[in-house]
Amino acid sequence: MSDAAALREPWPDLQRQREGVTVGIWLFIASEVLFFGALFLGYTVYRTLYPEAFRIAAAETNVLYGSVNLLLLLTSSAAMTIAVDASQQEKRRTTLVCLGLTMLLGTGFLLVKGLEYSDDIAKGLFPGPHFPLQPPQTQLFWAFYWVMTGVHAIHLATGIGVVGVFAFILWRRLLPLGSPAIVGVATYWHFVDTVWIILFPLLYLVDRS
Amino acid sequence: MTDAVIGDVAAETPPPSYLGAGHTLLSWLTTTDHKRIAILYAISITFFFFIGGIAIALVRLELMTPQGLFLTSDAYNRLFSLHGIIMVWFFLVPSIPATMGNFLLPLMIGANDVAFPRLNLLSWYLYVLGAAFTIYTLISGGVDTGWTFYAPFSTNYATGYVIAAAAGVFVVGFSSIATGVNFIATAHMLRAPGMTWFRLPLFVWAMYTVSLVMVLATPVLAMSLLLVVVERGFGLPIFDATRGGDPILFQHLFWFYSHPAVYIMILPAMGVVSEVIPCFARRTIFGYTFMVYALIAIAVISFMVWGHHMFVAGQSPLANLVFSFLSFIVAVPSAIKVFNWTATLHRGQITFEAPMLYALGFVGLFTIGGLTGLFLASVPIDIHATDSYFVIAHFHFVMVGGTVSAYMAGLHFWWPKITGRMYSEAWARFAAITTFLGFNATFMPQFVMGWNGMPRRYHHYPDIFQAWHVMSSVGALILAVAYVLPLVYFGWSLLYGRRAPANPWNATGLEWQTSSPPPKENFHRIPRIHAGPYRYHASDRLPMADDRTPVRPQGETP
Amino acid sequence: MTTDSFMAVGSDYAGKVDETFWILVIISGLITALVASLIAGFSLRYRRGSNAWRGPFPERVSRDVEIGWTVATLFLFLFIFWWAASNQLAALDVPGNALEIHVVAKQWMWRVQQPGGAREINEIHVPEKVPVRLVMTSEDVIHDLFLPTMRLKQDVLPGRYTFLWFTAIKTGVFHLTCAEYCGTDHSVMAGRLVVMTASDYARWSSAQPEADNLARQGEALFYSLGCSGCHAPTSSVHAPDLHGVYGRAVHLSDGRVVTADEAYLRDSILLPLKDIVVGFAPIMPSFQGVVTEDELVKLIAYLKSLSTSPTLPSTAIEGGRAGTGVKQ
Amino acid sequence: MSNPDGRPARTWHRPIAVWIALVVLALASLGSAYIPLRGFNTPLNLAIAGVMVILLWLFLMDLISLDALIGLIAVSGLVWLSFMFALTFSDYLSRACEAPGGGPPTFCVDQKVNRDGF
């Protein structure tokens, strides 16, 4: 299969196209940084205002689930990198296996997250009139918990979908292994991992000592 | 709308124009050609321009008397909210970038298309999806939050369809991010050989800098609206004061986008005017490099001034001073641009075709809009003037007197290139002058009543303001006529207009060196660039590129 | 309703704002005239076919021109900033003897409570030539109290106090409007600012039926809500004595030191766990939803009155130093 | 990515090495959270997270071998984020009360805020 199959309008050659895709995806990442950044800003403002309430509230998060999920995502990122490297060396099997592994680990993350959510809901930790914690500002922490993890989970689910579609395309040889698109997919995946790395200390490690 | 044109053009020469590369509706809806996507955008935003226009026409009519004529207060609130939301996000933000930017950016840098043509199409579909939410909001009863969606009104008290409206804006935001990513990648990766950064036309620079703002500001808007939606929809306290939330935080997030958004609207306008004025003054742009640096400076500093919308909101006095200072700084590059446009006229060979009239109108109105911005950047003046008609007049001078004038200038300037037809010059000049007069009649009175204490978003108002309101409404009527006119003569031009030559204005830009309308692939071979833009002087009159032969012969017989 | 024009100059500060405004108008007018006349002049002189001379413009000169007008603009703008900002800073300090009037906004009315206890709706009576400080809060959305004749406006926020102060110099009846969009009847959320001579004001004030002292009403609440059960000096519960607390430095259990002003007292009543005073257990229940904004105003007025009463010893707060550096 | 053909066949050496480093850092962060450091826990955790992100971006997202342009784009998001934080906190951190006894102003929202309303 020739590289020509991966070349798209309006690019003169595949190398240039690869650079273009990289520029494009990193611009998107810069945009995403500000998307999540707005959440981080809100979190930081409220934590600065109500350190005590945040300490009380954050003690209720489940650090085990959070940590397991961090390890799952870190591993998935490693698998994704191996997939990219392998694809560029035309190692079809390794590429597909690693993409599969990435999706598997990502799905694992979502499963753990689901367990965590159901625990949280069982403990009544969704802000509302019967919220178990006091003072009321603890609800701010939990509001941010739900929005942050929710938005992250949506990103991750999207990532799994995109990786899945892409793996399918490679499997059915609709695109050659060397397609620049894989760079975009991988960079996005790593970014979603990045967000969790930042969320982890903010949500799970507050004043554990 | 263009099929009638295509019919006979296509038969003429072997490489058909982009308009002739498929005649079915499907060929338009699945196109990845940046020029066709530009047309799709142009049709959509024109539609919304008139929807938003009708909304405000009703508002202006209602304001003819202090007690109103025919609307309830709720209906009135919904109409001005709708006007704001539609005009800002469905017209002004995409106006120049998504239409002229899409059409011209690849042509001006000598590329076949934008970097990601399918993403470009996706961005239009996102726009359509956002538009669908907005239309849904509109027909199900509207939204009453104003375009600013301030919490806690939007989260807990508004009676309209806040979630649907916010969803529309959220989605359309991603359309503008997609456009921004596309343009930046295009400008970096697809410039023709020899097209160095300082040979780029200022319009391209404007597109580049505006894309930067879109990519980095829009996500914050998306998040702030998302937070409003989760608070309203799921009861999560984000801005809820009873649980410790701070409503001012919403304003910080919202204005972090919405102040740069003003520059999303005005930077492209500056780009258009920087193309039009040199062409009709037959003079190179004065201070090209300063113009470029001014664009970059505006794009960056525009992110640091948002707090001047919040001087009375409950922000700390220190923050007020910081934001006031930065707001004065951001005015400097804008002033530089005004001086440069004016100086470009010096020693020119000026003619006054319609695009030039609009562009000169732009310079005048933008100057007033910019200077009144200084009033609002000064804390004590702003405390009295903010949330009054003074602010309304100020930002309409920038956004309507500025951006819409420039949009019209660009539309007339590139109309022959886009459609391959000439429009009626006499009617166009008449419309340009009417716009200028109608605009001033509408908004000058608003400065006066604003400073005299007339608050904005008021359905009923004290009797002493009636004379000013009536003046403003009459001005709006003139303005409405001036905006409907082009619809008529452009429509006529599509059907019966004289065929346009490749370069009707004798302009120097690369886009004028291909045929009108351009072929699907823009250039039949990628041009090689050996000179900068705006070489209008007799002594150095050289084309920018060596590839002067248009794809089709210039045999333009009407 | 007899109301004077919106633009009467209601205070010395308003006069200064007007002055700044008109000087800015003149500067902007000159710049606009300059740009407009240049455009018109060039358009005429360099219209196509005119016989004006059109040589090249030397690169070096053009550079100097650019730098020249950039620097000139920058200096002009910085000057305007400095001037406006210094005016602003001068207006920041509230006179210590300001008359305090509480304003509670809700959709779509203004409720006003005079220091003498008189209540008003959509009207604020103030004496002439006496500094007046408005302490404002909202029960629902964001409102904005706009006093055009004072050239002042300030958003009124839920869950927090914001302030405005002015010294009226002109008697009369003036407009008072809401300037922050707040829903259906935003445009009729208006009222009157009535400026009277000091003696008229005193007469008016004492003639009001509800002219029971705010602090006295607060004292009644202090007992009826049960606050006194713990906070009375004789109580067996270990709770801070509140005599003299207002305006004092309070040491909190997390090491911070805050000044006990209105906002602090308000938070301590509504959100008692937010700021725990050092040496006390966090046992106080929240009064969120129990006391209304009006009642809060009275309670705080009562607590403030405890600070000014000369007969009571101020042994109030553990570790509290004398109120150094504290205004009001 | 930068080096499509020239990279040696050790496909997974670098990713695995980085992965090990990341896991070690993650566990270190988790562990350190349980050691009382008197207010320095959060800064330490965030610093570790920062190092992890740098590792991830440089080596797994391969920023290290990409163009300077990409680096610039990657950093621009963070720079703009810093504008947002710095200026927003210029409001929140200056909503401070005057500290008694001449100490540094203590952060306390709602205290003496908004004397700017005139």
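Each chain carries a letter (A, B, C and D) given by its place in the written order, and its residues are counted from 1.
The rule is simple: a contact is a pair of C-beta atoms (placed from the backbone, for glycine too) under 8 Å apart; a residue touches a chain by one contact, two chains touch by 3 or more.
All of these numbers come straight from a predicted model, not from anything done at the bench.
The innermost chain, defined by the distance from its C-alpha mean to the mean of all protein C-alpha atoms, is B.
Interface comparison, B-C versus A-D: the higher number of contacting C-beta pairs is recorded for B-C.
Distance from the chain A centre to the chain B centre is 35 Å, each centre being the mean of its Cα atoms.
Inter-chain centre distance (chain A to chain D, centres taken as mean C-alpha positions): 17 Å. Once the centre of each chain is set as its mean CA position, chain A and chain C turn out to be 45 Å apart. Contacts with at least two other chains are made by residues 188, 216, 220, 242, 244-246, 248-249, 252, 256, 312, 314, 317, 320, 379, 383 of chain B. In chain C, the residues touching two or more other chains are 88, 91-92, 152-154, 160, 162, 271, 288.
In chain A, the residues touching two or more other chains are 19, 23, 27, 30-32, 34, 37-38, 41, 45, 49-50, 53, 135-137. Remark: chain B residues 188, 212, 216, 220, 246, 248-249, 252, 256, 303-304, 306-307, 311-312, 314-320, 322-323, 379, 383 touch chain D in the complex.
Contacts from chain C toward chain A in the complex involve residues 254, 271-274, 286, 288.
Every residue of chain D that touches chain A in the complex is listed here, in rising order: 1, 4-5, 7, 9, 11-12, 14-16, 18-19, 22-23, 26, 29-30, 33-37, 41-42, 45-46, 48-49, 52-53, 56-57, 59-62, 66-67, 69-70, 73-74, 76-78, 80-81, 84-85, 88-89, 92-93, 107, 109. Chain contact summary for the complex, chain A toward chain C: residues 50-53, 134-137. Chain contact summary for the complex, chain A toward chain D: residues 15, 18-19, 22-23, 26-27, 29-34, 37-38, 40-41, 44-45, 48-49, 63, 67, 70-71, 74-75, 77-82, 84-86, 88-89, 91, 94, 178, 183, 186-187, 190-191, 193-194, 197-198, 200-201, 205-209.
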